[in-house]
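Read from first to last, the chains carry the letters A, B, C and D; within each, the first residue is number 1.
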Amino acid sequence: MNKARVESFSDGVFAFAITLLVLGVPIPDLVIVNDQQIRIGLVKSLHQLLPFITSFATIGIIWLNHHAMFHTVARVDHGALILNLLLLLVVSFIPFPTAVLGRYGALPFSAFFYGCVLTALGTTYSLLSFYILKSGLRREETPNGSSWDRLRNALGAAIYPIATVLSLRHPRVGVTIYFLLAAFYLLPARSFAINRAV
Amino acid sequence: MNKARVESFSDGVFAFAITLLVLGVPIPDLVIVNDQQIRIGLVKSLHQLLPFITSFATIGIIWLNHHAMFHTVARVDHGALILNLLLLLVVSFIPFPTAVLGRYGALPFSAFFYGCVLTALGTTYSLLSFYILKSGLRREETPNGSSWDRLRNALGAAIYPIATVLSLRHPRVGVTIYFLLAAFYLLPARSFAINRAV
Amino acid sequence: MNKARVESFSDGVFAFAITLLVLGVPIPDLVIVNDQQIRIGLVKSLHQLLPFITSFATIGIIWLNHHAMFHTVARVDHGALILNLLLLLVVSFIPFPTAVLGRYGALPFSAFFYGCVLTALGTTYSLLSFYILKSGLRREETPNGSSWDRLRNALGAAIYPIATVLSLRHPRVGVTIYFLLAAFYLLPARSFAINRAV
Amino acid sequence: MNKARVESFSDGVFAFAITLLVLGVPIPDLVIVNDQQIRIGLVKSLHQLLPFITSFATIGIIWLNHHAMFHTVARVDHGALILNLLLLLVVSFIPFPTAVLGRYGALPFSAFFYGCVLTALGTTYSLLSFYILKSGLRREETPNGSSWDRLRNALGAAIYPIATVLSLRHPRVGVTIYFLLAAFYLLPARSFAINRAV
């Protein structure tokens, strides 16, 4: 199995899923069409931009990490292909909870559901990276991440489910944490080296 | 005709069709917006996830096999291009029956229609692989599949139309069989070697 | 300007536009959900499949020809880039008249409008190929098409506008001609050599 | 980080966003389906084509410039990746204000909002090109743009916000200026050399 074509197919799904997110920003549905109504409608739509930006950043991060991960990979076997498809399944599903949040705002259950999908995203990504590490698919010279890297990844893995459960009580707080986590992982410098480590 | 560009165009259609599937998961249409309503609506949407996952897995499998098939191909002629377009026509159509199933559930005729499209997918794929085999487009050293491989492929080719007809009586059973077939073809190890064989 | 990246961007637009066509096949909008209603709805949707298939085949042909054309190109200048963008503008617009035809059937004006877009597609494609021929962007050894090729291309260029005008009187005949033209250009063997000639 | 994969991911988002624009051209919503109604509906839809064409041309220009910019780049660091994601965020958002303009026409606030997004597009693009220039990511032999180039870029950077504010009073004038700016940047010959300069 050609590693380059797995990467290009994955890139395609990442790029399309990230671009489909915009369909979840609801176009104002006006009964009376005038400037005041469009202003009210657009301001209301823009209130819903946070999930759009959060999903965009989250898919962007997973894409960056996916690139870095495959950079260390020497060959791809069937198990990695299946786990990669599982990751892409979750990635391609993200526009759905994003659109629900965008349409109805941060209600407890819609925020909880969004958090479940983000947690599933992190889990399938971890499964894939763990499999690649354990199956000896990486190139020999690839360094392991530092202990600081692992601490940070573990923190991320723990905060998503916590924020998901928290959303059932405080949906706005939950959505804000999802956004802050995405922003945190986008921070430059050392953070990237950490992400690069499986 | 450049084989690499046929592959990249096909990859684009596969990746895009697989990502468009999410538009078929119906966003709850709430009259009263509150947490209870969104919960009921989302649980109902999630009942419709099976066709989404089945179509995702099916397109994923066809993509894996398409890759493996083109790996054995030395050159592409006009007939292969046309048959490849025919396959992509069916692939790009899959979001439609998936969305119908997702919106109205497994009724006899919607499940039957979905099965017809999956059968057409298998048929066009078989046509393409048969044409490539018979037209001498493959590289010389490519091994043929074992007799076990052929048995398995023949089984798959037989079960799809049977499940399609069955759907007219037992739509839920039919949809479950479509899902199990997709899961079966995703099984690791030997199955992939089989798929790899035309 | 890198020819390979113009090709890959164009391939992306072709692949996405061809896959977006499916959104124009209208999902039945049922008030009462039962098997009889879904059957009636789906049969009605399938009556609308002809424009979907015609647009798919037409974009597929233009993509095949675009490939063949760029195969003869040695370098890309600004004029070719702009004309290529113009072609892609029309390609990316095709899902709109296709969806209108799919939703309301072959009425005189919707069939006429669809024909106008197909004529615009042929015209922008001819402009691009003519520009490439006259600007000396092709590789030196590229043969010109035979006189038979030119006759055939000229026939195609003439039939589209005729069928478009005809649609104002006989919309179903017009749509059928669009389909037959697409099928005609997909015919194997000699036809492709003709297409390959600019 | 592999420069080629950043380019291919970006190409995907550009190509996909440019193709999604068509979903913003509103399909006529007819109560009575006959030829007169479809004609009235389509003529009304075509009045809304200007934002579609403007957005297409604008994304096309940014894509051309993005290509030219990355042609001068020797390597990509984390800062460039993040700024590139920010640019793609704005690119992927463009279908939204385009669809709002297409659905409700050039009202003051919808034209203003569209202008804000175009201004954000220009700003994020400038940030990325400035960062690449200052961070020494370019290949050594890359020439800087001429002073005429800079003047022209500065003019563009100034006209977008002016037209945006103007839209609050004269929305149709604003939208026309956005279109003319896109057409201006598509002009051949010297203009492209200018664009090529960071």
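Criterion: a residue touches a chain if its C-beta (ideal position, glycine included) is under 8 Å from a C-beta of that chain, and two chains touch if they have at least 3 such contacts.
Predicted model, so just to flag it, every value in this text is computed and none were measured.
Asker: Between copies chain B and chain D, what's the superposition rotation on C-alpha atoms, in steps of 5 degrees?
Answerer: The two chains, chain B and chain D, differ by a rotation of 180 degrees.
Asker: Looking only at residue numbers at the chain A/chain B interface, is the share used by both copies over half or under half? Answer same or different.
Answerer: Shared-number fraction below one half, so different.
Asker: Can you give the whole-Å distance between the Cα centres of chain A and chain C?
Answerer: Here the centre of chain C sits 36 Å away from the centre of chain A.
Asker: Report the inter-centroid distance (CA atoms only) between chain A and chain D in whole Å.
Answerer: Their C-alpha centroids are separated by 26 Å.
Asker: Can you list the residues of chain A that touch 2 or more other chains?
Answerer: Answer for chain A, listing residues that touch two or more other chains: 8, 12, 16, 20, 23.
Asker: According to the definition already given, which pairs of chains are in contact?
Answerer: A-B, A-D, B-C, C-D
Asker: Which residues, counting only chain C, touch chain B once they are in their complex?
Answerer: 7-8, 11-12, 14-16, 18-23, 25, 27-28, 30, 33-35, 38-39, 42, 45, 52-53, 56-57, 60, 63-64, 67-68, 71, 186, 188-189, 192
Asker: Within their complex, state which residues of chain D touch chain A.
Answerer: Within the complex, chain D touches chain A at residues 1-2, 5, 8-9, 12-13, 16-17, 20, 23, 78-79, 81-82, 85, 88-89, 92-93, 95-96, 99-100, 103-105, 107-110, 113.
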